[in-house]
Each structure stands twice: as structure tokens, then as C-alpha cells.
Amino acid sequence: MKTAREYIDSLRDRDIKVYIKGELIDSDKVIDHPFIKGHVNAASMTYALAGSEKYEDLMTTTSHLTGKKINRFTHIHQSASDLVKKVKMLRMISQKTGTCYQRCVGFDAMNATYSVTYDMDKALGTEYHERFKRFLLYVQENDLMIAGAMTDPKGDRSLRPSQQADPDLFVHVVEKNEDGIVIRGAKAHMTGMVNSHEMLIMPTMGMREDDADYAVCCALPVDAPGVIHIFGRQTNDDRKMEGEIDQGNAKFGIVGGECLTVLNDVFVPWERVFMCGETPYSGLLVERFACYHRQNYGGCKGGVSDVVVGAAALMADYSGYGKAGHVKEKINEMIHLTETLYACSLACSCEGKPTESGAYFVDPLLANVGKHNVTQLIYDIDRLAQDIGGGIIATMPSESDLRNPEIGKYVDKYLKGVADVPTEDRMRIGRLIENMTGGTALVESMHGAGSPQAQKVMYSKLSNLEKKKEFAAHLAGIHSDKSEEE
Amino acid sequence: MKTAREYIDSLRDRDIKVYIKGELIDSDKVIDHPFIKGHVNAASMTYALAGSEKYEDLMTTTSHLTGKKINRFTHIHQSASDLVKKVKMLRMISQKTGTCYQRCVGFDAMNATYSVTYDMDKALGTEYHERFKRFLLYVQENDLMIAGAMTDPKGDRSLRPSQQADPDLFVHVVEKNEDGIVIRGAKAHMTGMVNSHEMLIMPTMGMREDDADYAVCCALPVDAPGVIHIFGRQTNDDRKMEGEIDQGNAKFGIVGGECLTVLNDVFVPWERVFMCGETPYSGLLVERFACYHRQNYGGCKGGVSDVVVGAAALMADYSGYGKAGHVKEKINEMIHLTETLYACSLACSCEGKPTESGAYFVDPLLANVGKHNVTQLIYDIDRLAQDIGGGIIATMPSESDLRNPEIGKYVDKYLKGVADVPTEDRMRIGRLIENMTGGTALVESMHGAGSPQAQKVMYSKLSNLEKKKEFAAHLAGIHSDKSEEE
Amino acid sequence: MKTAREYIDSLRDRDIKVYIKGELIDSDKVIDHPFIKGHVNAASMTYALAGSEKYEDLMTTTSHLTGKKINRFTHIHQSASDLVKKVKMLRMISQKTGTCYQRCVGFDAMNATYSVTYDMDKALGTEYHERFKRFLLYVQENDLMIAGAMTDPKGDRSLRPSQQADPDLFVHVVEKNEDGIVIRGAKAHMTGMVNSHEMLIMPTMGMREDDADYAVCCALPVDAPGVIHIFGRQTNDDRKMEGEIDQGNAKFGIVGGECLTVLNDVFVPWERVFMCGETPYSGLLVERFACYHRQNYGGCKGGVSDVVVGAAALMADYSGYGKAGHVKEKINEMIHLTETLYACSLACSCEGKPTESGAYFVDPLLANVGKHNVTQLIYDIDRLAQDIGGGIIATMPSESDLRNPEIGKYVDKYLKGVADVPTEDRMRIGRLIENMTGGTALVESMHGAGSPQAQKVMYSKLSNLEKKKEFAAHLAGIHSDKSEEE
Amino acid sequence: MKTAREYIDSLRDRDIKVYIKGELIDSDKVIDHPFIKGHVNAASMTYALAGSEKYEDLMTTTSHLTGKKINRFTHIHQSASDLVKKVKMLRMISQKTGTCYQRCVGFDAMNATYSVTYDMDKALGTEYHERFKRFLLYVQENDLMIAGAMTDPKGDRSLRPSQQADPDLFVHVVEKNEDGIVIRGAKAHMTGMVNSHEMLIMPTMGMREDDADYAVCCALPVDAPGVIHIFGRQTNDDRKMEGEIDQGNAKFGIVGGECLTVLNDVFVPWERVFMCGETPYSGLLVERFACYHRQNYGGCKGGVSDVVVGAAALMADYSGYGKAGHVKEKINEMIHLTETLYACSLACSCEGKPTESGAYFVDPLLANVGKHNVTQLIYDIDRLAQDIGGGIIATMPSESDLRNPEIGKYVDKYLKGVADVPTEDRMRIGRLIENMTGGTALVESMHGAGSPQAQKVMYSKLSNLEKKKEFAAHLAGIHSDKSEEE
């Protein structure tokens, strides 16, 4: 397993093309760029904590391929307990980073691809699963960070891939030859991509027969020829170019450091191709990935919310209203919502069942329920944090003002809360609340792992409404053929 | 194990005093009274389904005392899996009854008493636990239904028991002698009491030193001398005296058939006394019971909500708007809320841990979170059902109108929905929705297993807010002694 | 103007056919039937208060037809101030009755018909408006109570009137002759119908060309030959046959006493026909009526909620937790929600504008917003009331138990709250909360004046979304032809 | 009246001390600073639109002092209609700016001071009111922009002003002499201060006898000697230093441009002192100001939300899902919430009543209800906008990327939505949504015009709970002396 140091060093070896605010960044300085550094720090925690004895049980496990100890982020779940530990691991890391550490996306992509390639091979006689296992072995042995790459730009959402005016708005195969395939398109919202080693590309939705070129799953290095990453803007990203306090969470930044990854006729050898045209399996892969990924949100956002709760409570303490009844009521409500999210992630995990491949899969209905709650309850939690935080989180002078020799004394004097807490501490907590409850952080809770409607669509599919109708008809004394026998 | 028939017959042997609407009911006809019959039917399902092969795994298990197969409702949880199966069992029975089958209260009371008596004996050298095991053995061998009896009337809620103007507003010991104790007071909201065999009395809250007489836990037959049950009114209870349709759920009725149980100087032999003055353990017993009981609500109310969802969907189908977008959206929202409740119950169960006695205990924070969600989300679910159900559920003519030779034809003609569904079926579903979403049913979701504030109070106690503050301080760069080490 | 006494006496003169629970009630005893008496009492308050000096300004006004003082419920609004006074009048009467007094439906029907007939005459050269004014004069002179009759049974909601398997599922004209028309069908959910003098029939929705027979508006006595009323069931209606306390609101009952009114080939003379086949005006009439009626809900439900707030606060006082922080917080939330409803009704009223007829019309968007809030916030208010009310509102023994010589003393002893409040008072408040927050009362808030989706549909129509898009495009710097000029 | 040009020019004449990010800005370039320019543009709209014939009725009125035409923002409300027009004016300007134009704070401060000084003079024989009228005349004649200055830093919120460790945490009088007073302290969250002419200082809460030095109300130029303004940070403020698109609303910016205004022993002549030690009137002034200011929020935030609704709808159109059922449902919900806010502002205005001074005052309960709704519903509106907006609003590449010759084509290609809408337009709308729904904008809705608890506290005071209890007791048949007579 890699240490955090080794992880960071290994990223320097890449020849990666990353643009930030219109500028191409030197490949070996990408991870030092102020916009990116925090995300690297967050991701590196997935390595650092794996080396800690205290968290060994959560952070590491035994490879079912090799029997060796591996970082859990490269593991294929072998039990419901593995699924539960994943959730607890995520909550724990979030409590320490207060933000996204990005590595779950590839983790989930690998688990999804593992079982779907198994099913494909079994049904179609392909050899994708063995290929994928070799890739997985490579990932485990080298303790790699993989970017899961699913979301296409999608253009006109009312049209399917092949109906778009521009056929490249979904990633597709433009050439197949003896050695491999050539793909074109882009993947949007790519979390952790710029500080990963490889990306695992998956189709963005279930494809129909005539969209066969779009049913493609494959792995490639993030610095493969033809790949360009355009880093997205985040709320208050420019503050990272300055001092520390105004950043809120100066060490780990905010959310996942997403980019738009452009794939300009990129070659992928067959050894790394795990689906190529098998349209009936594209939807299954999406669903498997989506459920694994939705499983996470009560864990990682649960941990993030723990920090938000703590920050709100500290702000109340620092300002002298920590003991007010309505504040305690709000803190309790935040705790209630946080634990509700966590409960959903635990529930879909402990109800996990083995797929035919042996890999364990979460309960899909409950995984969707959990993510859907995140799209609403995080907004409630953050609203309550802003309520407790006070207007100061929207109007606070800058760190430069505090440091200014002329007026620093006024900032220090007038932003003081209770007498025995340094003003700077109160400012720091205010900035942390600002950082964690606004803009990018909220939107990520909404759309990460699928927009709200994506979960709602799954309810119709997974909840067996007809059976519920039978229960009702039976109790109402309606006697029909379909009625539930006792 | 008893069959449903045997359960019902065994109830006839009691010499029980039950008053309904001011009248004393003949002891052997209590369970035939229209107000009570449905509740007996519901409770009898806990016996009937235990005899079904299909549900054997959920409904039965092996006694840790005797190694014999027993009804799960008499079991002491021996694993987290037992806790999970309890939740699934509850949801399943609710789907078949659409209402409360009451037997979980005593089930939870026994599990709570089991572990607390163990702790008491260990700390105090008492012998309550062995006594309790003998009582438990008796319950298991005879497959008895036990009423859990916790809630005292409480009088002036701003005063503690011994401060009340009337000392009897909490059950207390008024005499101790060689053979046993004499208790006086009452227990309110007694679910399933009138169709149980025994009651297990517990204190209603943590008692202080000077309320020692109120720290009493003991078991006695529901027909012991000095016991009087006054049956409570339920929404639309009078409809049970008439035809079938207007009742909504004619077979199983509505909620738990609660009563006020008066204890007029009732004698309890020492062999059935499990706490008597050990005030420090009264609060622990309340907490254990409360958490076990709160665990249930995502199971039983989840199953009840399944029926409500099905009923709303059928009403939409029967009325011709089953395919409307906004109706499907609402059905999905109901499903979302139902599964959220269920997820909480699963989560607190799979996170169950053994107590020192060996009995497994739920995760207390998550159990409280689950119940607290019930106090809100059931209202949302029922509101949506009433939305979909239409105004007809508030203004529907009676079954007598439908049966009337003069006007029955008009009721049949004008309450018709889609052409191929009999009007009577549409009326039946309307009445089922009315029955399940109004009055008593809602209030029970609010206050059963503890009022909302009771859960909120537990959050402060169980959620480790100080630790959350440390997470935040650490990320904000605030360096203090308390700061979270990495 | 009639006194309350005169109103009640005048109802005895009718030869009305009312069925209750399958029985035809003697025409002259209809208003004495326990199921109906409370509704008559509530409606009579609209007469009684009009005679009170204290409420003269709200309850009475000057007829624009005759210049005479009339009961406001027979008035055509002549100013925005009239619209505002209507809302205040409704809130005031609700505070005194805690329930529906029914008379607003006909009031709104008359105002809607007044302006639409004016528009029709102007456009089509008909003479409906003059006819209607004569009817109105008759109503004002005799201070009549009019039942507004809009909602048809509607059968299969996915089909239009003429597409139904049974053409009678919407009221339609089956014959026209020299003297008048003959109509057939039924009207559902008829509030106050059985204690009104006349009904004013309106179409239930906008009709298309081929549904011309269904575009009918006319007035007829509630006891016209061929008319049969089948009284609907309400929550706990049977309790009205017994004592007082269990009814909750023994004097005024609960909600509006709705019935299904069957029209078996009923003759209406031309003098009372105000629309007959003019399909383009049917939708306009529905919309006008709906908006006037939706205007009311923040007034009448505001007043009802005032009572619910007061009842919850009293229950808290009587039980000893009136000063608890979380209870005060909940009371404040209930007040907040109540005033939000009221604000919407005031707003749509003060923004009222004159129609061409001179009658003032509410702001239609805001009227819909108000009613839509009622469909949600009343559920929140009632949930909070049940929270504060406690489990006792679902399990309370009956009044008969309290009166019973054997056990009355136990009910009195154990249902006691704080020492100086009689137990009976506490029971009365508990029953009032039960009465006002469950079943029929909730459903009426949902569906009265139109189901939630009916309001949502209006938003698309009334909110000028295109204009909002222009605002946004302009600020975003998007320059198109449609862009908002400054 | 000033034109927009004249307003801006007049600001250049000031000798004002403003610090931004630790730097003192040249006094004559303050309004050109990129952080401030947008706020000036927004405020200047209050001048520009007053010169437009189209908005004359809303934007201008007649001075009750001089009979001359004045800008409404300098007016003392002379009728309920004035109050209603204020709300409509605010909504209209917000639709054009999408942000805060700041001038209402001083407007409300002047109206509050007007009536309270009248009351003081009448009761105490002081001459504050005449002084204030002279100040008002000066404001009206010169069409000045006044910053309302109420909120003190407050330090430890559990302590009153004179109990603080630092007595300056609330503004107070440190010297009185023949010519005037000297004040010290600071005012926080000062909206529009840096582009105003004068500030009107008010106490931040009701003061007790021993806090008499803190009961001070007075006016002074924003560039008076001893005054220093430290400009607060806003979400994404640094983007104002760059191109246009990433700013979202490049012309008008975001929210109000708040600063911390430090008052270092500032002299104020008696002619501008309107309260000095009259503690009983400090609370009244706060309450009057708070209610006037809370009145606004359904107007200004209503208009802002109109833009947000439009932006979300455009994003849906541009991305091809504008016609999806669930999107339309969400748009309708946003409209519903927006109009609910507006309704509250209208309601408290049309219910306005004259104070003894002749100035009209809003209904205080309804004004609080309106603001309290803003603290919740804006979060819901913005959540829905982010839902519709899609993940792109959190991960969009920068304008520089779009302009970059190497990769601009990829940004243009892959951020495309429907084929006929330029990618840049879609980016612009995405940025507008980001700008309007995150960070500062949300917090301002929460805390502007008082934090949520401030409104809740008023409910207890204003809602006459005792009367509601009487209504309930009366209907429940509880006969006591207090019972409501009919």
C-alpha cells in the first residue's frame, strides 16, 4: 500500500494536461496549484489513514484476488459487513477532512464493473471479467487512485446520443482495430480526476441498440495522449490564492475539484476495454454504479455534517448563545437530519446481497432513498447552520483586514464574541461555516451520484407498487384474483 | 407455540374487568365486543403467521433458555440479526393487518427488563434476573401475550411523582410484606392490554432517590384482583357496531385498542417483582425499553404505509388518474418517505450490540432518529394519501345508503370511477384511506413509543456534540488542547 | 335581514328529501337530526352575528341594487375593501364556531355568476345578467342561504363529460322547452346544502364545444321535485347521537355537513337559468368561482386555526407543560403558519380589481397561492396540535366512563392534569383537539375549493413565466429580442 | 430629484475611508472599485427608475412636508396605499437588478425615527421630532441615500451592553457637550453604507435604565471624521476583478455590499441627535424599524426570486428538459413560494395603520410573518433552482477557458445544450443561478432585517394567545370567567 507521500509523489510522474482559468498548468506542478492542492490533501488522507493502526479495520482489508492486505478503496466488497465498513470509513474520513476526498467514485466504478463484466461474460461468452480482474490486480498492487468517469455532457437532454446534432456529446467509439479502440467525447463533473492515476470510463445511461457505439466501458491513464482536463470553478476558489482564514478549510478545500475531461480520439488497448457495444448491459452498469455511489452519501455527507454541526455549535459558544433553547433545538434538529442520512446508508449496506460474481451489492431501493434524502436534508442542515452562524458569515472582513496594522485592531475588537475566545478563532469558524454551507458544497449534495429525479425514477422500478395495491385491496375487502393470500 | 385459535380461546379463561363507554363487559365476551374484536384479530396474526412455513424464519426462533422453537415475540434478542428480523417481521405483519397488532410492547418490555435486571443483580447483588428468567420461561412455554405497561398518567407534568397533589398519579408501592408488594396507580394508553395474558409494569421515567416507591417493575395477570381496564375511544369506533365498509379495515380495525388500566391496591408476589426501589436503574430501564420500542416504528409503520401507498394508488387507478404525472410523483414521494422510516429501523438494528446480559440492544441514537422521523413523515405520507384520495374520503355516503333499495342505485351510479371497477370497491378503498390516515392512527404515530420531544432529549445525550466541535475546530485551524489529533 | 331564529324556522317550511345512513328523514325534522343540527347552528351564526352591533361593519353592508342594508353573505363585492372585510368576517366567525358555517359557497357562486353573466350578455346579447340580478334581489330581500353547487361526480377523471360510459356523471340538460330546462346528474360534496334555501348550480370545469349540454348554470330550491340529498359520513359522526364531551365541538360539529345531491330530471324555469350551452364561458365561471372561494381559506381556516392554537395552548397549561421551551416554540410555529394563511387571503383581497360588471374580483394568482398553502400548512398546524395535545387525544375514555358511578372516579382521578383544573375541562379540550385536527377536518382543508393540483395548474397560467425568463436573460447579459428593456 | 448620474457624481465628493481586503481605497475611487461598482449600479437604479415615466407612480410621490415631488425612498408613508406601493416598487426594482439596491434600510430608518421622535416629544417634551423633520427635509431636497445603521457587533450575546468586557461593543455616547455628542463603537453588516451620503444611527435593541448611554439615535455623514468602513467579503467577490460571465450578475453584483463601520469618537451636533438616553423609546424604535424592514422582504426577495425562477426555467429550456413534468412541477412550486412571500408583504402593508405622528405603520405581526417565511422559503426556492440548474453550476469551467484559443472550442462544444442556443448563453444562465442561490445571497435572506428567532419572539408578543385560548375554551364547553361572550 502507498503512503500519502508516495501517493503524492506518484502523481508528479504523470504527463497530464490540466487547464485552470484558461491556462495550461505545468504537468509536474498541477498538484501544487492552489486550486488543486487541497483536493490532493483530501485524497491523500485515504492513503494516510490506511497506514494508521487506529483505523486499520475500516481502511484496509484483504484482497479476494491475492489474499494480501489492501487499501479498502481498491477492494471488491465480499460481504455486507464490507459494505457497512465502507460507510463508516467514509463518515470517519469526512469528519477529518470536512470535504470530498474523491476516491469513492473509482471504488464504486470498479465494484460495478466487476459484477457486470461477470454477468456479460456468463451470458455472452465475452472475456471482459478476466480482463477486468487483471486491471483490478494492477490497481490493488499499486494502490492506485481511479477516477470513475460516467457523466457525459449530454447536450439536448430530450434527445438520445445518436440523435444529438453533435455526436460527440456522449463518449463513443470512433474506431476499432486490432490493438484496441479509439474514443471521442468528454466526461463532465470529473471528481478527483486531476489527482488520479487512471480513469474508468462507463456509459452514462442505458443505451438502445442504435446507440451501440456509446456503450463503452474502459480504463486509461489520466495522462493518455488526447486527454485534456479543464478544471471547473468552485465557490470562492480565488481565495486559495491568498491567505488561510478566508478559505474556511485551508487544508482540504471544498468538495471534489471537478473538471471537464475532454477525450480527443484517445486510444485504449483491448486489454483495458470492458464493454464495447453490449447495449443491454450499459443500463445495468449505470444502475450498479449509481447504487454503490448513492450508498456513500449518508456516510460522507454524514461526516461532513458532523463538522457543520460542530462548527455551528462552536459559533454559538463563541458568540454567547450556545445555551439558548432555540439554538439547542436547532442543533438537535441538525443531528437528527445527519443521523437520518447515515441510517439510510447503513440500511442499504446491511441489506447488501451477493451478485453472481460474488461481489456484494447494496439494497438498491434503500441506496436511492439515502441519496434522495441528501438532496434535501443537507439543505436543511446547512440552512440551520447559517441560522446559528449569524449574519457575520456573509459580511465578515477579510483576513487581510485582520492583519492590517491600521485597522486590524478594529476587526479584532469588534468581531469579538465571548471575552475568552480569540476573535481570530471566531472568524475561522465563521469562514468554515461559509465554506461548508454555500455554493458548490450544496450543489454537490444535490447532483452528486445523480440528480433527485434520477432517484425518483428508480422508486417506480424498485418498490413493487403492485404488491402494495394487493395489500390494500385485501384489507379493504376487495376480492380479486390478484388479492394477497394470507 | 399457540395457534391463533388457542390464543383466542385462552383469552376467554380470564376473569377480566373491562369497561367500554361506561359499561362493564362480560368477562368472557370481552374479545367479541365489536370495539375489541378487530384488535384481537390483529394480535392473533402474531400467532397465525408463526405457524406458517412461509414466515417461519421471521416469526419463530430458538429460545436461548431452552433451545426450543418459540414465537419470536417471546424471544430475547441474541444477535444483530435477531434485531433485523424483528423489524422485517413487523413490516410484514403490518402489510397484512394495516394496523397495530400490539404484541411488540411486551416483547420490548421483556428484552429491556432482561438486561437491566442482569445489570442490577451484578451491581447490587439482587436476584431479579433469575426471577425474570423464570417469568420469561413461563411466557415462552405458554406463548403468552404480554402487555408492556410503562406510561403513567403523570398529572401535572411540571412536577415529579412525589410532588403531585395526588400521589397515585404514578404507579407506586403502597405496601411490602413477606409475600410480595401492593401497588396503586394507573397506566395509560395500554396497547393490547385487554387481549393480553399478563402485563409487565415498568416505571415511566428515571426516578430520584425520594421517589423510590415509584421505581417498581413487576408482572401480573391482566385479570388480577383490583385491576380495572377502561377502554379508550378511537376515531369512528361506533362504526364497528354497524356494517363492514364504513369501518375501512373491518377485520383488523385501527391502531392498538388502548385502555386506561387502573391498579387498585393490586398484590404482586415477590417472584414477579423485578425492581423495587432501585431508583438508579429506573431510568436505564425506561431508556432500554424506549429504544427497543422506537426501533419498531420504521418496521410496523413502514408496513402500514405500504398499505396506505397501495390504497392511494388504487384510488387513483379506480378514479382514472393513476397515470397522471403529479400523482406518480406523489406516490414516489410516499414510497421515499416510507423507505426512509424503514431504513432507520434497519440501521439501528444492524448496529445492535450485546449488553452484558448477552441480550442484544439496538443503537440507541439511530432508534430515536427512526421514531422521530415517524412523528413527522407519517403525517406527510397520510397527507399525500388524502391528496390522492380526493374529497370523497370526507363526504362519502354510508354503506347503508349503498344498500338502501331507494337510493342505493344513485350511490352506485354517482360514486362510480372508471367504468370497469365496481363502485363498492372504490368506496371500500376510500374508507380504507379514511381509516388509516386520520385521527387515532396519526396520533399514535406521534406519541407511541414516546412523544417527539422525548427523542430530541436523547439526541443531546447520545450524539457526542463535543467531538463534533473538535472536528470543526481542527479543520478551521483552531489549535486548542481539545483538538482532534489526526 | 333574517334573525338566526327566522333562518331556522324558514328551513322547516321546506319539503326536502334527505337520507342519512340509509334512512329518509322527515322533512320537518331534518334540521333537528343530530348529524345536521350542529351545521345548522354554525350557519345560523351568519345570521345571528349580522344582528350584533359589534360586528355590524363586517357582517352587513349596503346592497348596490337597492341601497338597503343586507347581510354581507348576499352581497356583490363593490370594492377591494369589501373583499378584505369578507376575509376578516370569515376569520371572526370561525373563531366563534371552530368549524365551517357553509354560507360562503353560495356567496362566492353568486359573485362569480354576477360578473360572468354580465360578460356573456355583453358579448352574446343574452339576458342572463338581468335574470341573475332579479334572482339576487330575491336572495337579498329574503336573506336566503344559497348552496353553491359546482363539483360533479366526474366518474373516470381521464375522460371528458360526453366521453363517460354514463353521461349523467356530470350534470347536464336533458330537455329544453318553452318554460325552462330539465337537468340530470348529481353534485358531490355539497356543503351546507341540506340547510340552505336554494342551490346555484354551476358547471364543474371548462367545457368544450361538444359538451355544450354540460355548460349549465341555474338556481333552484333545494326541495325541488326530483332532488334527493344523501348525507355524507363524517369522522365520529355517531358520537353526535350520544353525550356532549366526546363530540369535541358539540354545538357546531365539524366541517360543512356535505351531501351528495342527486338531480333526477329536475325542471328549472328559464327565469332561473343563467347559462345554457355557452361553453366558452363555463371555464371562466369555474375560474371566477374557484378564485373567490380560494380567497376564503386563509380567513376561515385562519380562524379555525386560532381555535386549534388556543386549544393546544390550553392543553399544555392544563397538563403542566405550558411553559416548556419546546412547547412555546411549537405554539409560535402554529401562529406563524396561521398568519401566513391569513396573509395570503388578505393579499389577494386588497389586490382585488373591478370586473366589467363592477363586481370586484380577487387577485387570482394570490388567491390560488393562499388555498394551496392551506392544503399543506393546516396539516402542519394540526400535527403540532396533536404533538402538544399528547397521546391522550387518541386513547381517552368516553364521557360515559366519566359519568359512570363505578369508574367515573378513576377517570376523574387519573386524567387529571394540574391540580386546579377540573379533569372534565382537560377532557373537553382533548376532545376539541381530536375533533378539529383529524379526519374530515383535514381532508376538507385539502380538497375544499379545489384539490392542490388545481391550484398548481393555475400557476402556469397566471404567473407570466416568460417575463421572468426575460428578467433573468437580461441580468445574465444574454441579448435577445425578447430581453427586458430597462 | 437626482438622476443616476448625479447620484454617482455626488458620491465622488465624499472624503470617505474604505478598506477592502486590507487596503485603504482612494476616496474618489471607492465607487469604481470592482467590489463596489455593482452595488453602486444597483443603488443608482433607485434614482434612474424614478426618472422613468413608466414607473413614476411607484417610484415617486409627494412630500407631506413640502408638497413637492420626491423620490419615494425619502418619503414618510402617508397611507396604506403608500405601504403597498413600497412593496411593489421593491419587487419591480429587484426584477431589474436581481440583487439588493440597499436604499430601503435608510428609508425604513427614517420612517421609524419619524414616528418615534413624535411620540417622545409628546411624552417627554423633547424636540427631537422637529429636528428630525429638518433632517428629513434636507434628505428630500437633496435626494440623499441614507444608510440605516442599527446592528451593533454585540460581543457576548448573553450579556447586555454595559456588562460586556469591552464597553464599545455597542455604540454609545462617550461625551456630551454644548455643541453635540461624541459616540464610539461600530455598526456591523452595514448595507449600502459605502455608497450612501449619510448614515442614520439607531440603537440595536431595547435598552434598560443602566444602559442609557447606548440609547442613541443620530445622523451623520458617512465620511465624518473618525469613521472607518471595512468592506466585508462576499461569495466569489474576487471574480469581480476578472471577466464578466463568471460574476453571474456582472452589472449589479450580489446582495448589499455590507461593511463594518467603525466609529472612533465621532462628533455629532445636537441638530442631528434624535435620541440620547431615553431608554424606554429605544425598544420602540427598534421594533418600528424592524417591522418596516421586514415588510420589504416579500417585495425585494419576491423580485429576486422572479429572476431565479426565470433563470431556472431558461436553464431547463437551454438544456432540453423545459417540458419535463417534474421540472414544471418544480417551477410551479418556486412560483408558489415566491408569491407566498409577496402575499405576506402585501398583507402587512394593506393592513397598515397610522401612528400618532401621521406616518403609516405596517401590521407588525404580519410583517414578522413575512420575513420569517423568507428565512425558510428562499432556501427552498434556491434549492429547487439548483436542482433544475444541474451539476454544471458547481463545476463549470471559467470564462477564461471559454475564451482560450486552445480549449475554448471544447468548452463551447461540450457545454452545449439544445442545438440552437449558444453555449455562452447557457453558461451565463448557469453562472447567474450560481450567483443568486449560494453563499451570501442565502445568508442575507436568513439574517437581513433580523434573524429568525427575532421574528419568533415577536409572535409571543403580538398574537394574543390568551384570546385564542378563550375561543377554544368556549367551544369546548368550558365555562370560566374569561370565556368569550358571543
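The letters A, B, C and D name the chains in turn, as written, and every chain counts its residues from 1.
We adopt the following convention: contacts are C-beta pairs under 8 Å (C-beta built on N, C-alpha and C of every residue); 3 or more make two chains touch, one makes a residue touch a chain.
This one's a predicted model, so the numbers in the text were calculated from it and none came from an experiment.
Novice: Through what angle, between 0 and 180°, must chain C be rotated so its C-alpha atoms fit those of chain D, rounded to a multiple of 5?
Specialist: Superposing chain C on chain D takes a rotation of 180 degrees, nearest 5.
Novice: Considering A-D alongside B-D, which chain pair is linked by more C-beta pairs in contact?
Specialist: Per the contact counts, A-D leads.
Novice: Determine the centre-to-centre distance between chain A and chain B, using the mean Cα coordinates as centres, and give it in whole Å.
Specialist: 39
Novice: Distance-wise, how many Å sit between the C-alpha centres of chain B and chain D, to the nearest whole number?
Specialist: 51
Novice: If you average the CA atoms of chain A and of chain D, how far apart do the two points sit, in angstrom?
Specialist: A distance of 38 Å separates the two centres.
Novice: So which bits of chain C are touching at least two other chains?
Specialist: 326, 329, 456
Novice: What residues on chain D touch chain A, complex-wise?
Specialist: Spelled out, the residues of chain D in touch with chain A are 19-24, 151, 153, 155-159, 164-166, 168-169, 186, 188-189, 228, 230-236, 238-239, 241, 246, 255, 258-260, 262, 319-321, 323-324, 326, 375-376, 379, 383, 386-387, 389-398, 400-401, 403-404, 406-407, 410-411, 413-419, 434, 438-440, 442-444, 446-448, 451-453, 456.
Novice: In the complex of these two chains, what residues of chain C are touching chain D?
Specialist: On the chain C side, the touching residues are 48, 84, 95-98, 244-245, 248-252, 306-311, 313-314, 317, 328-329, 331-332, 335-336, 339-340, 342-344, 346-348, 350-351, 365-366, 369-370, 372-373, 425, 428-429, 431-432, 455-456, 459-460, 463, 465, 467-478, 484, 486.
Novice: For chain B, which residues are in contact with chain D within the complex?
Specialist: Residues in contact with chain D: 325-326, 329.
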